[in-house]
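Please go over the structures that come below.
Both of the next two complexes hold chain A, though its partner changes from chain B to chain C.
Right after this comes the complex of A and B.
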């Protein structure tokens, strides 16, 4: 265990102590204690910048299950460090924000901070683990803590619904990812991502390559809310706003992005990877921004916006994967897409975090998040308004904020991809920039809706639950910090390039970047090029669409409200439950006969079919003893007894017939030279018949209860089947004797070793005495049981 | 001989199964009785029905029948007797308490805890 391990695990340790802070220190908001940890971790991780800037990595291993190669290996490189800084930095701001957002008195703060710290630790574990099994462990911990945080207000129906939905979808993806990881480890014979990368040249030919890729991508897409798995994210907005800001904009939803980026060195280069990631990403970009426009809840707009932006980053990672094919080309156009992805990842975390906080402030100060009720807050909440303008303009891609830069780079990548001459891009490639452009137009529209419908127009004071006023300064500090980062990264984007972006790109594309690092640069002004014209087009059309929103927003009504993915999800969930319970009711009837029918039918089918399949049936009459007259007659007597039982109308007939069968069996024992058996059988049959008579005296008359013919026929078929199978097996087994009996030993040694001449008795009490001991025990238990049943009479009241 | 006994065993099993599938508790118990007879005979037959003396050592005898299956059956007889006795009393008590021996009426409902 090194210091890094302790740093990753420290949130969990802290979580243990949080309830004590809550319990014993009442005057100070618990959040202040929690706040220290992410700040400390942030400064701790900042120190690693020196190492990663110089292209170095840090690896520390702590043994966990060394015998199967599962060890907690902490691995810090550019990509991991970028995420670690995002997690701890925004984590600190979110904790600060939550101190002012959550009431000290009303809320159960300790559960909130315990969940939040668990989430933070799990997320650090995801991004800093090299071992895929450990990565998976932390991955599921993020799902779990996210579930707990979404359901924080657990008394609300919608919170529980959202929590369950996100849990089901992300855990479904997580389990697929585990399967993908296992396939990966089978292919490479290691659990370590670092050790997988050198084997990459042999991997694409492996038959498991594509299944592993698909399964891993399923995990990444569900976590990062890509189409069609995005449906959980809008419902997760029932969580407290700090949670939405932290988990559902800046960190957890980027775990899928992280996974794609982390595994790019392994999978990138294959056309499937390129197509799946870029096309799903682009469609998610379009679908998210298209749907965001029709939302009326501030957080719902932001949720769809997050979906859309995640799709954008995903598609950039997909397009960037083409860079592998152009290693020898000096001017690598496609690697710019990776740079854009990393840059937008940072930008999105800053502006989306601040926007969620702004939405939370508006909610906090006015009591509603519905944009139909909001309006005219600009003069009342000037600081919040400024923050919202910075965030939304950056999101819409308006200069001089950082969103403009990453959107330009996004368009550059999309325009470049049309010139790609691999993967059949010449046919469909032209769609890429078009979809991207349309998606950006909608992005512009909802960004404008977000800021102008909330802050401009007329104040509808009568509709608001609270009298609006500017928020306290404490709650404004975190979004102010994030918004200033938006501006700083906008003006001084090149600050980030050598320190963070280059090392991160180097981790994503290790084979490509050598010698090309110098080429990475983010410039404000590229000249009068296609991208700039596209951006201007976005502004023009976006502004037009925003101003005429009332006229065309009816377009959304064209799509039926019932034909949505949410309804599909609900329907599938409901029908699974229904089908399962119908199935259960179908075969779990509660009637013993039905179960016996199933058991006996299975007996017939399984044994019968294996007899047929293995061709095991054989009759070999060479060893068979000759039939004597006695046995033939006795067999007839026995069968006659059995038939009498079957057709007996009175219980006495049945008992006597059963006795006759028992005595015939004991006569068989005599004929087959088994005196002890015959004796025992006689005695026991007599006692049994006596017992039957005793009990039957108290039991009702034998009545024919089986009146239906079908019932009888089923019984007849099954019982004949059972009888036939038993006979066939007996005959076949008898004809296939493999070796001689061991009984010669008993015969030889019965007198010599044990001093007895009755061999059966010697076996019972000497050679195999243990059987007898426990047979005695069985009799004893039966006797005690009978005694108990007859004597113990717990009346109904006492018994229950 | 083994063929004949095997057929008899088959008839015993078939009759036992038929009885166990019926709705009356008494017939089910009779069915289990027949089933154990069938099983005992099966063990004996599988041990081989060759001619020979009873397994009691007598000077001058060479051929004995196999003693091991006999020991196994003896154990099985006693155990099945114990179980049958228990089952009979259980049926008697069930009838006393519940007033029926119809298996269809003896099933619990979903509301029973």
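Right after this comes the complex of A and C.
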């Protein structure tokens, strides 16, 4: 355990103490204590910048389960550090924001901060683990803590629904990912990502390569809300706003991005990877932005916007994977896509975090998040308005904010990809920039809706639950910090390049970057080129669409409201439940006879099929003794008794016939020279016939219908089947004697060793006395049980 | 010769048992059936004795005794049942 391990685990340790703060120090908001930790961790992780900037990495291993190679290996490189800084930095801001957002009196703060700290620790674990099993463990912890945070207001129906939905979808993805990881470890014989990367040249030919890739991507796509798994994200907006800002914009939804980036060195280079990631990313970009326009809830707009931006980052990572094919080309165009992805990842975290906080402030100060009720808040909440403008303009890609730069780089990547001559890009590649451009237009439109519908226009004071006013300064500090970062990154983007972006890109594309690090640069102005024209087109068309919104927004009604993925999800969930319960009701009838049918059918099928498959049936008559007349006659009597039982009209006849069968069996014992068995059989048969008669005598009067057994074909087939199978197996077993019996030992030794001449009794009490002991126990239990049943029945009868 | 004799007597005992079984099945009243069952028990004693002679074994003498006891107890129990309606009387607590 090194200091890094303690840093990763410190949020969990802190979470243990949070309830005590809440309980014993009432006067101070619990958040203040929690705040110290992310700030401390942020400064701690900042120290690693020096190392990663110089291309170094830090590896520390703590043994967990060394016998199977699962160790908690903390690995800090550019990518991990970037995420760690995002998690701790934005985590600190979110905790600060939540101190002002959540009431000290009304809310159960301790649960909130425990969940939040667990999430923070889990997220740090995800991004800093080198061992995929440890990574998976932390991954599931993020799902779990996210579930808890979404359902924070657990008394609300919608919170519980959203929490359940996100849990089901992300855990589904998480389990697929685990399967993918296991396949990866089978292929590479290691759990360590670092040790997998050197083996990458042999991997693509492995038959498990594609399944592993698809399963891992399923995990990444569900976590990062890619189409069609994005549906949980809008429903997760029922969480408190700090949670939405932290989990569902800046950190957790980027875990999938992180995974894709982290495993790029292993998978990138195959056309499947390129196509799946870039096409799903692009479609998610379009679908998210298209759907964001029709939302009326601030957080819902932001949720769809997050989906869309995540799609954009994902598609950039996909296009960047093409860089693998041009390793030797000095001017590697596709490298820029990776740079753009990392850059936009940072940008998105800054502006989306601040926008969520703004939405929370608006909600907090006006009492609603519905844009149809909001308006005219510009002069009442000037600071919030400024923050919203910075955030949304950055999101829309308007200069001079950082979103503009990443949007430009995005377009550059999309234009470059059309020139790609691998992976059959000439067929569909031309669609890439078009979809990207259309998606960006919608992005522009919803960004404008977000800021102008909320802050301009007429104030509808009568519709607002509260009288609006500017927020207190404390709650404004975190979004102000984020917004200033938006501006700083916008003007001085090259600050980030050597410190964070280059090391991150180097860990995503380690093979490509060697020697080309210097080439990475973010230019503010790169001439009058296609990308700039595309951006201008986005502005023009976006502005036009925004101004004529009322006219064309009816377009959304064209699509049936029933045909949505949410309805599909609900329908699937409901039909799974229904099918399961129908199936259950079909075979769990509650009738013992039906279960017996199932059990016996299985018996026949399993034994019969194994007889057939193994070709085990054999008849060998050499060991068979000759049949004497007595046995033949007695068998006839026995069969006659059994047939009488089956066809008896009255129960009395059946019982007497059963007794006759029992006595015939004892006669058989006499014939086959087993005096002890015959003795016992006689006594037991007498007693049990007496018991049967007793039961028969006490049957209730009403139901005493003397009726013949009803004939049923199924029962006949099954009983014949069981009889046949047992007979066949007995015959085969008798014909397949493999060894001599051990009975000669008992015959020789029963007198010599045990001093008894009755071999059966010597076996019962001496050679194998243990069995006898426990059969005595069985009889004792049976007697006590009968006594208990009769007694308890009586006393209850008296009580009533 | 001796074995043939034993077999013949076994056959005769079986036929007599069959006749008693006819009485058990047909017997118009319950006492008829009880008497027939008792006699079947006694017949079984005979059959067992003859079989043990055929098998040249004296291990089955206990069975003969047991059958005698069982037949007796069974008949007595049935008789008591017919007479009083119960086999084992309770001590006034019913």
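Criterion: the second predicted complex is superposed on the first by the 779 of 800 C-alpha atoms of A that agree within 3 Å, B and C clash if a C-alpha of one lies under 4 Å from a C-alpha of the other, contacts with A are read in each partner's own complex, and residues count from 1 in each chain.
Keep in mind that, in the parts below, a residue touches a chain if its C-beta (ideal position, glycine included) is under 8 Å from a C-beta of that chain, and two chains touch if they have at least 3 such contacts.
Please read all numbers here as calculations on a predicted model, not as lab measurements.
Judged by the touch definition given at the top, the superposed model places A:764 against chain B, while chain C stays out of reach.
In the superposition on chain A, contact of A:656 is made with chain C only, not with chain B. Shared-chain residue A:633: touches chain C; no touch with chain B.
In the superposed model, A:789 lies in contact with chain B only, and not with chain C. Once the two complexes are laid over each other on the shared chain, residue contacts for A:675 go to chain B and to chain C alike. Chain A has more of its residues touched by B than by the other of chain B and chain C.
Contacts of A:686 after superposition: chain C is touched, whereas chain B is not reached. Of the two partner chains, chain C is the only one that A:667 touches; chain B does not reach it. The intersection of chain A residues touching chain B with those touching chain C, taken from the two complexes, comprises 673, 675. Partner chain A is touched in their complex by these residues of chain B: 1-27, 29-30, 33-34, 37-38, 40-42, 44-58, 64-68, 70-71, 73-75, 77-79, 81-86, 88-93, 95-96, 101-104, 106-109. Those residues of chain A lying in contact with chain C across their complex are 630, 633, 656, 663, 666-667, 670-671, 673, 675, 678-679, 682-683, 686, 690.
Listing the residues of chain A that touch chain B in their complex gives 590-593, 596-597, 600, 619, 621, 623-628, 631-632, 635, 638-639, 642-643, 645-646, 651, 654, 658, 661-662, 665, 668-669, 672-677, 680-681, 684, 687-688, 691-692, 695-696, 698-700, 702-703, 705-706, 714-716, 718-720, 722-724, 726-727, 730-731, 733-734, 741-743, 746-747, 750-751, 757-760, 763-764, 768, 771-772, 775, 778-779, 781-783, 785-786, 789-790. Looking at the complex, you find that chain C touches chain A at residues 10, 14, 24, 44, 47-48, 51-52, 55, 57, 59-60, 62-63, 66-67, 70, 74, 77.
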